[in-house]
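Some structures to go through are shown next.
Each of the next two complexes has chain A plus one other chain: chain B in the first, chain C in the second.
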Partner chain A sequence: MGILLLFCSWALLGSGSLFLWFLRNKNVTHLIGTVTVLLSSLFTLGGALWVLIGGKPEEFYLPWNVPFGAIYLHIDLLSAMFLLVLSVVGGLCALYSYGYFSSEQNHRALERYWLFYFGLFGGISLVFTAYNGMLFLLAWEGMSIASFFLVFHEYNKEEVRKAGWVYLIATHGGTAFLLLLFGILGSDLEVCDFNAFQYPATVATPIFILACIGFGTKAGFMPLHVWLPEAHPAAPSPVSALMSGVMIKTGIYGLIRVISWSEGGIPLSWGILCIGLGSVTGVLGILHALGKKDLKEILAYSSIENIGIIGMGLGIGLYGMSRSLGIVALLGFTSALFHVINHGLLKSSLFLSAGTVLHATHTRNIEELGGLWKKLPKTGALFGLSSFGISGLPPLNGFVGEFTLFLAVLSLSLQGRTILDILMSFVVLIALGFIGAGSVACFTRLFGVVFLGEPRKEIKVRVVEGGTWIIPLYILGGLNLVLGMGSIGIAPLVFGAVVSTLPGIDYHTALDTVRILRQTLFPLGVLGLIFLSLAFLLSRIWNWILKRRSIGTSPTWDCGYILPSSRMQYTASSFSQPILRLFRRLLHPTEFFSWEGNIFPRTASYAYTMYDVIVRIVYEPLFRTITKIATRIHGLQEGRNQVYILYIALTLIILLVMFLGGIP
Partner chain B sequence: MEHTLLNLVIVIILLSNIRLLNTSRIPVMIVSVAIQGWVIGILPLLLHWERFQFTLLLITLITVTIKGVFLPRLLNRSMQQAGVIREVEPFVGPTLSLLIGLFLLSLSFWITSSLRSSLPEGLFFIPVLALFTVFNGLFLIVSRKKAITQVIGYLTMENGVYAFGASLAIDHPFLVELGVLLDVWVGVFIMGIAIYHINREFDHIDTDKLSTLKH
Partner chain C sequence: MSLLLALVLSPFLLGIIVKTKAFFAGRKGQPLLQFYYDMVKLLQKGVVYSSSTTIVFRLSPWIALATTGTALCILPLPGYSGWISFPGDFFVLFALLAVLRFSLVSSALDTGSSFEGMGASREVFFSFLAEPALLLSFLVLSFSLEGYSLKELLSDPFSIRAEKTVVLYFISVSLFIVLLAENARIPFDDPNTHLELTMIHEVMVLDHSGPDLAGILYSSALKLWILGSLWVGISIPWRWGNYFLDLFVFLGSMGLLAVIIGIIESILARVRMIRVSHALSLATVLSGLALLWTIG
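Showing the complex of A and B:
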C-alpha cells in the first residue's frame, strides 16, 4: 500500500509534467504545478506514514534489462523517515512557490520551474526508495540535474550561472565517487540489489572513504561543501529550502545505507573519521556563518554546520558500534536522524522566510536591512522562532537532536574504558558546545540585524504576508514547536528506523536505550510546555499591565538622544568583529579599519571581507597548481603545423624503435 | 646488368634525398623530387623483371607519368604563380639538415637490419633507402616553412612509401599503391590551388605565420 501511494505520487508528477506542455496560460500552469506537487507530496506522506505506522517494510520488484539493474523499490523505516521529511518540506515549498512566483511574467520560466521541481521531488523520493545500485544512481543523477536546473533558474544573472556551474561540477565529482563505490560493491554481482551488497572487512575502509567523499559532497561535509554557499544564495528561495532541508540529507541517507551493509564489524577509524569530519564541518561552518553578510549564504553555512552535527552523531554511533557499546551507537544514530528531521523543518522555514525578506526588499545583503519586524511582523516572528530552534535552544526541535547527541556522548564517557573513548567524547562535547554558542551568536546577529532596530538604508519594502506567503511558514513553525516538545512522540519512529537498519543490535541494548530516551525526552517536553505556558502567562500579565498605561512609540535606540540615526546601531560587521578578531588566524578576514582622533574619534570606520577558509587553503592552491601545470603543457600547443607533425613523427619513430629494440 | 641498374637506382635515390636536404632553391628541389619519382617509378619493373606482366608496365607508366611529369609540373606552376623560388630561413639550416639526414639514414639502417629476417633475399638497400626517403619527407615537412616545400616533403614521403611497398613485393601491393598515388595526386593538386590562393590573400606562403589564425 505504501509503495502504491508512492507510485500514485510519481504518476501524478509524470502526468503533471506532460500536462505542462499543453498549457498556454501561465496562471493555469502555475496553479497546476503547485497542486500537482501538493497532491503528490500528500501521497508520499501517506505512503511514508503507512510504512512507519505499520512498521512493515514494503517491496516492489521488476526485472530490468539494464546491466546490473532492476526496478527494485523498497520502503523500510529509514526510507519512510526521510520520505516523511521530503513530503512535508517539498509540499510546503511548492505551496510557498505559488506566492513567490505569482508575479512571474514569463510563461516559459514557470514551465521550466515546475518541470524541474517535479524532477527534483520525484528524484529525491526515488533516491529514498530505490533498492538497486543502478536505479539509485539514476535517481541520484536525476535529482542532481533537476536541482542544477532549479539553481540555474535565473540564468540571466552572471553570479547565478557561476554558482550553477560550481554546483554541477561538485555534484558530478561526488557522483563519480559513488559510481566507483557501487562498482566495487557490485563487482561480483549480476544484479546490484542493495540487499545483496555486503562487503568484507578487507575492502571496508576504502568503501567507507569513497562513500564519505561521494555522499559527503552532497551533504556538504568540509572540505567538500564549497557548492552550498554558492548554490543556495543563487537558487530561488523555495528551491534553496528544499535543497537545504531535504536534498543534502540524501547524502546522510546514503552514508547510513552504506554503514548498514558492513559485514563483520566496523573499524574504529570510521567513527574517528566521522567525528573529525563532523566537528570540523560544524565548527568551521558556524564560524563562516558568523562572518558572512549575505542572508542566504549565512543560512547555507548554517546548513553546513548542522550537517556537521549530524556527522558527529553518525561518528559517535559508528564509534559506539566498533567499541560494541550498543547504547552509545543507538543514541548516536538516533540523534543524527532526529537532527535530519528537525534541521529539515527548521532550515526550510528559515529559507522560506528569507525568501519573503528577499522578495520584500530585493537585497540579500544584511548590512542594508534592518527593522523589518515592523513591516513584516508575521515573517519576523516565525523567522525568530526558527532562529531560536536552529540555535539549539529548548523547547524547539533543534535542541532534541543535539540533546540526544549529548546523551550519547555522556554515556560514551561514562561507559568508556580507554583514553580514546574519553578523548572522542571530549572532542564532540567541545565541538558541540562551540557550535551551540556560535549558532546562538550567529542567529542573534542575523535576526537582530535584519528584523530589529531601524532600516540601515532607504529601501521600499513590499509587504507580502498573506496567503501562501505565510501559510507554509505557520505550518513549519507549528511543526517545529510541536516536534520540540513532543519529541517523545516521534522518538519511537526514529528509533525504529535506526534499530531496523543497523546490523547486529541486540534486544536488551535497544530496550535500555528506549528507557533512556523515554526518561529524558518526556521531561524535556513537559518542561518545554511549562516554559511555554509560563511565557504565555507572562505576556498576558504584561499586556494587562500595559492596558492601564499610555503607550508611546519612538524610534528604536532613541534612548534620550536628540539626533538618533540608524548609523548608531550595531551593524552585521561590527557584531562579528570581536569574534572574527578571536579567530583571525584561522579565518583570515581582510579588515579595513580607520580611526582618526584620540579617545574621541572624529571619524572611524570598520569593514571586512572574508573568504571561505577551505577555498583559500585547499582549493585555491590546488587550482593554481593545476593552472600552472596546464600553462606549462600549453606550450606544447604551438600553433605551428610543423611542430604538430614533428610530435606525431617523433611518437611513431620512438614507438617503432622501442618495438624493434625489444623494450616493452 | 640488372644488378648494376639496381645499384644505380639506389645511388640516385640517396643522392636526390641528400640534394633535397641541403638545397634551399625550390626549382632544384622540384627537379630532385621529379628524378626521384622517375627512378622510384621504374623500381618495380627492375625488381620484378622475371615476372613481367602487362599490368606491371601499365603501373610503371602511370606512376612515372604522375610522379615524374604531372606533379613536378604542377609544383612548378604553383611556384611561378606564388613567385617563391627560395626557401628563406627554414627552421633547420642546410648543414644541420644534412647532419640530421645522416642520423636518419643510420636509423633506417638500424630499423631495416632488425627487420632483415622478414625481408626477401638479397634486398637490403632498397628498404633502407625507402625508409630514409619517408623520414626525409617527414623531416622536410617539419623543418621547412613554405607551403610548397612542404608539398615537396609530402611527395618525397610518398615516394618512400611506394619504394618500400615495391621492394617488399607482397602479392598485389600495387593496387594499394595506385590508391595512394591517387590520394597524393589529389592532395598535391588541392595544395597547389591552395598555395595559389593563400599567396593571393596573404602575399606569402609561410605556413608558420598561419599560427596567428589560432587566436
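Showing the complex of A and C:
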C-alpha cells in the first residue's frame, strides 16, 4: 500500500510533466505545477505514514536488463522517516512557489521551473526508496541534475552561473566517489541489490571513507561544503529551502545505509573520523555564518553547522557501536535522525521567509536591511520563531536533537570511562558549547539586523504577506512548536527507524534506551508547557497592570543625544566583530579601517570581508598546484608536427628497447 | 519550598552584595531591602516604549521571567530533588539561560540604539566563551560523581574519591568565574556604572521602563540565584539529611556567596574589555585541568 501510494505520486509527477508540455497559458502552467507537487507530496506523505505507523517494510521487485540493475524499491522505517520530511517540506515549498513566481512573466521559465521541481521531488523520493545500487545512482544523478537546473533558474545573472557550475562540479565529484563505492560493494555480485551488500572488515575502512567523501559532499561536511554557500544564495528561495531542508539530508541517509551494511564490527576509527568531521564542520560553520553578510549565505552556513551536529550524532553512534555501548550508539543515531527532521523543517521555514524578504526588498545584503518587522509583521514573527528554534533553544524542536546528543555524550563518558571515551565526549561537548552560543549569536544577529530596529537604508518594500506567501510558514512554524513540545510523540518513530536499521542491537539495550528517552523527553515537553503557560500568564498579568498605567511613546533613549539616525545603529559587522576578532588567526577576516581627523574624527569607517577558510587553505593551494603542474607540462605541447613525430619516434624506440631488454 | 524561597529571597542577595561593598567603602549604604522598594516603585510606574520597537521588545520581560521560572522548576535544593528532575536536566537549565539571552539581545536590537547593540554584541561574545566552560565543568562533575542529573550531582559532592577532591576546587573556581561573567558582575561588567560605553548587561535594558524594567531586574536576580545555588551546591558540600538544617545551611551559604561577590567587587577593578576573553578562558582551562585530573 505504501509503495502503491508512492507509485501514484510518481505517476502524478510524470503525467504532470507531460501535461506541462502542452500548456500554453502561463497561469494554468503555474497552477498545474503547484497542484501536481502538492498532490504527489500528499501521496508520499500517505505512503510514509502508512509504513511508519504499520511498522512493516514494503517492497517491490522487477528485473531490469541494465547490468547490475533491478527495479527494486523498498520502504523501511528509515526511508519512511526521510520521505516524511520530504513530503512536508517539498509540498510546502511548492505551495510557496505559487506566490513566489506569481509575477513571473516568462512562460518558458515557469515551465522549466516546474519540470525540474518535479524531477527534484521525484528524484529525492526515489533516492530514499531505491534498494538497488544502479537504481539508486540513477535517482541520485537525476536529483543532482534537476537541482542543478533549479539553481541555474536565473541563468542570465553572472553569479548564478558561477554558483551553478561550482555546484555541478562538486556534486559530480561526489558521485564519482559513489560510483567507486558501489563498484567495490557490488564487485562480485550479479545484481547490486542493497540487501546483498555486505562488506567484511578488511575493506570496511576504504568503503567508509569513500562513503564519507561521496555522501559528505552532498551533505556538506567540511571541507566538502564549498558548493552550499554558493548554490543556496543563487537558487530561488523555495529551491534553497527544499535543497537545504531535504536534499542535503540524502547524504546523511546514504551514510546511515552504508553503516547498516557493515558486517563484523565497526572500527573505532570511523566514529573518531565522524566526530572530528562533525565538530569541525559545526564550529567552522557557525563561525562563518557569523562572518557573512548575505542573508541566504548565512543560512547556508548555518545548514553546514547543523550538518555538523548531525555528523557528531552519527559519530557518537558509530563510536558507541564499536565500543559496544549499545545505549550510546542508539542515542547518538537517534539524535542525528531527530536533527535531520527538525533541521529540515526549521531551515526550510527560514529560507522561505528569506525569500519573502528578498522579494520585498530585492537585496540579500543584511547591512542594507532593518526594521522589516513593521512592514512584514507575520513573516518577521515566523522568522523570529524559526531563528529561535534553530539556535537550539527549548521549547522549540531544534533543541531536541542537541539534547539527545548531549545525553549520548553523557552516557558515553559515564559508561565508557576510558581516556579515549572522555576525549570524544570532551570534543563533542566543547563543540556543542561553541555551536550553541554561536548560533544564538548568529541568529539574534540575523533576526535583529533584518527585522528589528530601524531601516539602515531607504528601500522601497513591497509588502507580500498574503495567501501562499505565509501559509507554508504558518504550517512550518506550527510543526516546529508541536515537534519541540511533543518530541516524546515522534520519538518512537525515530527510534524505530534507528533500531530497525542498525545491525546487532540486542533487545535489552533497546529497551533501556527507550526508558532513557521516555525519562527525558517527557519532562522536556512538560517544561515547555510550563514555560509557555508562564509566559502567557505573565502577559495577562502585565496587561492587567498596564491597563491602569500611562503608556508613552518616545524615540529610543540614546543617552541624551537628540538626533538619532538609523546609520548609528549597530550593524551586522559590528555585532559579530568581537567573536571574529577572537578567531582572527583562524578566519583571517580582511579588515578595512579608516580614520580621518585627529582626536575628533571627521569620518571613520570600518568594514571587513571574510573568505571561506577551507577554500583559502585547501582548495586555492590545491588548484594553484594543479595549474602550476599543468603549465609546466604544457611546454610539451609544442604545436609543430615535427616535434610530435619526434615524440612518437622516441616512444617507439623506448618500447623497442624495453621489448628487446625483456621487460614485459 | 525552596522554589518559594528563591522567588522571595533572590533580590535579597543583591542587597547583601551592596551592603558588603558599602562596608568596604566605609559608607552606610542602601538599606538591605532597597531592591524590593525599587521593584515596588517600578511596578507602580507607567511605561514608555520606543517608537522603534515592536512586540519583541514587549515580550522580553515575560520571556525573561518565564525562563527563570521554568529553570527554578529544575533547580534542586542541594541534597534534594528539584520539582522536575531527569537525566541531563542541567543541559536544559543552561539552554533556558540561553533563551533568556536570546530574548534580551533581541529586545536590545529592537530599539535600534547603538549602545544597546553594543551591549548585545558583548553579551553574546561573553556567552560564547562562558558556555563551553559551563558545559565542560558539568561534564567533569557528572563523570567524577557518576550522576546524570542535578539532583545526583549536588546531593553529595564528597562522595567523590578522596584523591579526586582537587577536581571540586577547580570546578568551583571555574563556575565562580562563569557566574560572575553571566551575571554581569565585576570584573566583567560593573552593575553600578552609569557610563553606557562600559556596560554590558545594564546597557541592554536602557529602554525598558516601569513594570518591564522591574520584570527584567527581577529575572536577573533570579538568574544570580540559580547560578549561585549551583555554585553553592558544589562548593559547600556538607549535607545533614535534615531538610530544615540543610535549607538553613544553604541559605547561609547563599549569603556567604553574596558577601564574597561583594568583597570581590570592592577589591577588584573591572578588567579591560579585551582582557575579558582571557579571564573567561581561564574558566575553560580550569575545567579542562579538572578533566585531566579525573582521567589521570
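For the reader, a short list of remarks on this structure follows.
Just so we're on the same page, the second predicted complex is superposed on the first by the 623 of 664 C-alpha atoms of A that agree within 3 Å, B and C clash if a C-alpha of one lies under 4 Å from a C-alpha of the other, contacts with A are read in each partner's own complex, and residues count from 1 in each chain.
One rule holds in what follows: a contact is a pair of C-beta atoms (placed from the backbone, for glycine too) under 8 Å apart; a residue touches a chain by one contact, two chains touch by 3 or more.
This structure is a prediction, so every number in the text was calculated from the model and none was measured.
When the shared chain is aligned, chain C comes close enough to touch A:520, but chain B does not.
In the superposed model, A:203 makes contact with neither chain B nor chain C.
Comparing chain C and chain B on the residues of chain A they touch gives the larger count to C.
When both complexes are overlaid on chain A, the residue A:374 reaches chain C alone and has no touch with chain B. By the touch criterion defined above, A:630 reaches neither chain B nor chain C.
No residue of chain A lies at the contact with chain B in one complex and also at the contact with chain C in the other.
Partner chain B is touched in their complex by these residues of chain A: 638-643, 645-646, 649, 653, 656-657, 660-661. Per the touch definition, chain C reaches chain A in the complex via residues 43, 45-56, 59, 61-63, 65-67, 69-70, 73-74, 84-89, 91-92, 95-96, 98-99, 101-102, 105-106, 108-118, 120-122, 124-125, 127-136, 139, 142-143, 146, 148, 196, 206-207, 210-212, 215, 277, 291, 294-295.
Listed in rising order, the residues of chain B touching chain A in the complex are 91, 107, 110-111, 114-115, 135, 138, 141-145, 150, 207-208, 210-212, 214.
The part of chain A that touches chain C in the complex is made up of residues 370-371, 373-374, 377, 380-381, 384, 388, 391-394, 399, 403, 406-407, 409-410, 413-414, 419, 422, 425-426, 429-430, 432-434, 436-438, 440-441, 443-445, 447-449, 452-454, 516, 519-520, 523-524, 526-527, 530-532, 534-535, 538-539, 542, 545-546, 549-559, 564, 566, 568-570, 574-579, 582.
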